[in-house]
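The structure under discussion is supplied below as structure tokens; questions concerning it will follow.
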Amino acid sequence: MFHFQKENCRPDGRELSEFRTTTLNIGSISTANGSALVKLGNTTIICGIKAELANPTVEAPGKGYIVPNVDLPPLCSSRFRPGPPGEQAQAASQFIADVIESSELIKAEDLCIERGKLCWVLYCDIMCLDYDGNILDACIIALLAALKNTQLPEVTINKETCAPEVNSEKRRGLTIHKHPVGASFCVFDDSILIVDPTAEEESLSTAQLTVVTDEADRLCSLHKPGGTPLSGEKLQECISRATTRQREIQKLIDKVICSVKTEK
Amino acid sequence: MEVCESSKVSLREFGCEQNLLSRPDGSASFVQGDTSVMAGVYGPAEVKVSKEIYDRATLEVLIQPKVGLPTVRERSQEQCIRETCEASLLLSLHPRSSLTLVLQVLHDDGSLLSCFLNAACMALMDAGLPMSCLFCGVTCAINTDGQIITDPTAAQEKESRALMTFAIDCAKRRVLMSSTKGSFSVHELQQCIAVSQKASEKIFQFYRDSVRRRYSKNL
Amino acid sequence: MPTDTKRVRGPEVSQSPSLFLCHPAAVVLPSQGPRADGRQRDQVDVRPVFVRCGLVSQAKGSAYIEAGNTKLMCCVYGPRETERKDETDMKCGRLTTDMRFAPFSCPERGSWIQGSQDKDFSLMLHESLQPAVCLHKYPRSQIEVNVMVLENSGSVLAHAVTCASLALADAGIEMYDLVLSCSIRQDGSSYMADPSYEEENYSSSVSGENQGRLTVAFLPSLNQISGLQSDGEMTQETLTAGVRACIEGCYKLYPVVQQALAKAVRKAAPPPSES
């Protein structure tokens, strides 16, 4: 590995600041309200969104729920054991939840059907099918694309019976307020910075960093769970790479959604 | 009171007591205003075979909330604290052994993650574990007027539009860990890092004073 | 119910919107004539399958199968050292199977926690695969088979067995034969091969005997049955006829599976170019 670094080249032939090929496929799961499959090199993430009805909480009567969960099943890599989610999966779930809240990707208020009585719950289940590093970036792309693909049926409340009525013929999409996109980096002893690490590079690195930005170039998250320190200039480098990445991904998502629409 | 201009940084009153528990190998309590955390360190001790790492010690961080069981949020904080400690501890000096750091929340009134970090650092020091540098945690909140508040209370956290916690090392004042909530511009981020670096000096001075006080008593 | 502290939690109760449909789409499946998707009744009219091997980079072997809307994938890890050591493992290896449904795979959202259905399926998968794997060649080691159902549109177990045997073959695990599987839904005097989710679960208007589901796992070149699972009530003759229909269905899959495997082998080790 260190031999590679001297040559400014990576084991898979990429340059230090080069992402792997990103492919996106949306709406492939017909049992979900919205779905997306993202491939980032070998890393494969699928996100399925299921909408259900529930009563809002007393503290927030005008808000719905968004419940994101990341699962790393033993299927995706030999490093994960069967059973309840491990620390990495839990930390990823929390990270995705924080990104949704910080970026205001969708507002919980939009999911309210009738104040204090009925609201939507969006279960965003994200699953890794092939673990080859940098799952956080892929998870955010999958989530964003799946939410953009989500269609909710129209719900009205019957005045007499007070029971909800669902009209599955009338469907509408969600309002996506922001388009946060992440860029992850690996640090090797504060000297070398690489983007979009593979599983091998992740395990050898001394620190990891994920920067999430939206289309207005505002930062939604600067997530660096420990590791070796990072200088200010390097940080600036990461942020500017993240903003260009945001543009690329937003373009990709728009293109894929457009092509799906024309197919129909 | 905590409102800061660019020149001066104000933190809540903080306090620390080391070696207050008899069972762990190192312990500390850290108080920032009304936020209070107790930390205990066990080890180096024998490690489970499944968790053994052949060239360094295995560090485990456990957060106990004030009530109830730890949730996903605690797990994510545990990860942040563990990786920060791993970066400053010289774990390769204790291969094939285990270190356990237990953090108990006594009261949460904002800036909890930074309090965890400070308590963790003091407890590791008390346990006499070899470290390459010390670290401290600083939380900054940006309120709706765009002002930066260091070491916010729970109420201030709630009103803020962005919240950032950094872990800063004592050697070069660089950022070891960063965890943020809410959206903010690059300029605001840089301001917050600068403010945190300034605030860290106060905390490191406090570390030094409290250790000096403790050992001057003992000797 | 104990609260799950290892996941982001939602509200305590939530209900699927399909319970409140104002014009409930009447699920009336024709009990005679062609089936809802245009396939023929009483014929081994299986859905065309798409299979692919070696998709997952991290696994020793993997396979993906798609039949209609049923989509599932399987990864094989191992052989590696067994975690639990009992005496039986000294001579022969252990095959472990784990089958899970993605929460979004069914019309109703499933829980992340493995239900009893998943465990039953895992067990049946194990029973169907074990006779085909040369476990005596792998002493003191275990081979892990993980199946993930991405979308459930019927006949999940049958396709899982086929997919798993393909993944095992892709992993280079020594086997006596491939395992192919097919299922039918018996409805009175007629049957439907490779049923869809609706066909599998609807309760027929034709009440009485000969209502049931049957899944057969079959070793094609040995001409042996390795697994048979049936529920419902069927007469002896119907059951035998059903098993025959399933075997016929398996033979229809055989060329597709063989081709996918040959393609994967060719990709992994391209034949020397003739020059």
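Should a chain be cited, it is by its letter among A, B and C, assigned in written order, with residues numbered from 1 in that chain.
Here, contacts are C-beta pairs under 8 Å (C-beta built on N, C-alpha and C of every residue); 3 or more make two chains touch, one makes a residue touch a chain.
Please read these numbers as outputs of a predicted model, since none were measured by experiment.
Comparing chain pairs A-B and B-C, the larger number of C-beta contacts belongs to A-B. Taking the mean of each chain's C-alpha atoms, the chain closest to the overall C-alpha centroid is A. We define each chain's centre as the mean of its Cα atoms; on that basis chain A and chain B are separated by 28 Å. Annotation: 50 Å between the Cα-based centres of chain B and chain C. Counting partner chains per residue, chain A shows two or more touched chains at residues 90, 93-94, 97.
Chain contacts: chain C has residues 6-9 touching two or more partner chains. Counting partner chains per residue, chain B has residues 72, 75 touching two or more of them. Within the complex formed with chain C, the chain B residues making contact are 69-72, 75.
The touching residues of chain B, counted against chain A in their complex, run 72-73, 75-76, 78-87, 162, 164, 167, 169, 172, 174-186, 189-190, 193.
Against chain C, the residues of chain A that register as touching in their complex are 28-32, 35, 42, 44, 46, 48-55, 57, 65, 67-69, 71, 73-78, 82, 84-85, 90, 93-94, 97, 121, 123, 125, 127, 129-132, 153, 155, 163-169, 199.
Note for the complex: chain C touches chain A at residues 4, 6-11, 13-18, 20-23, 25, 55-59, 69, 71, 73-75, 77, 80, 98, 100, 102-107, 109, 112, 144, 146-148, 150-153. Within the complex formed with chain B, the residues of chain C that make contact are 3, 5-9.
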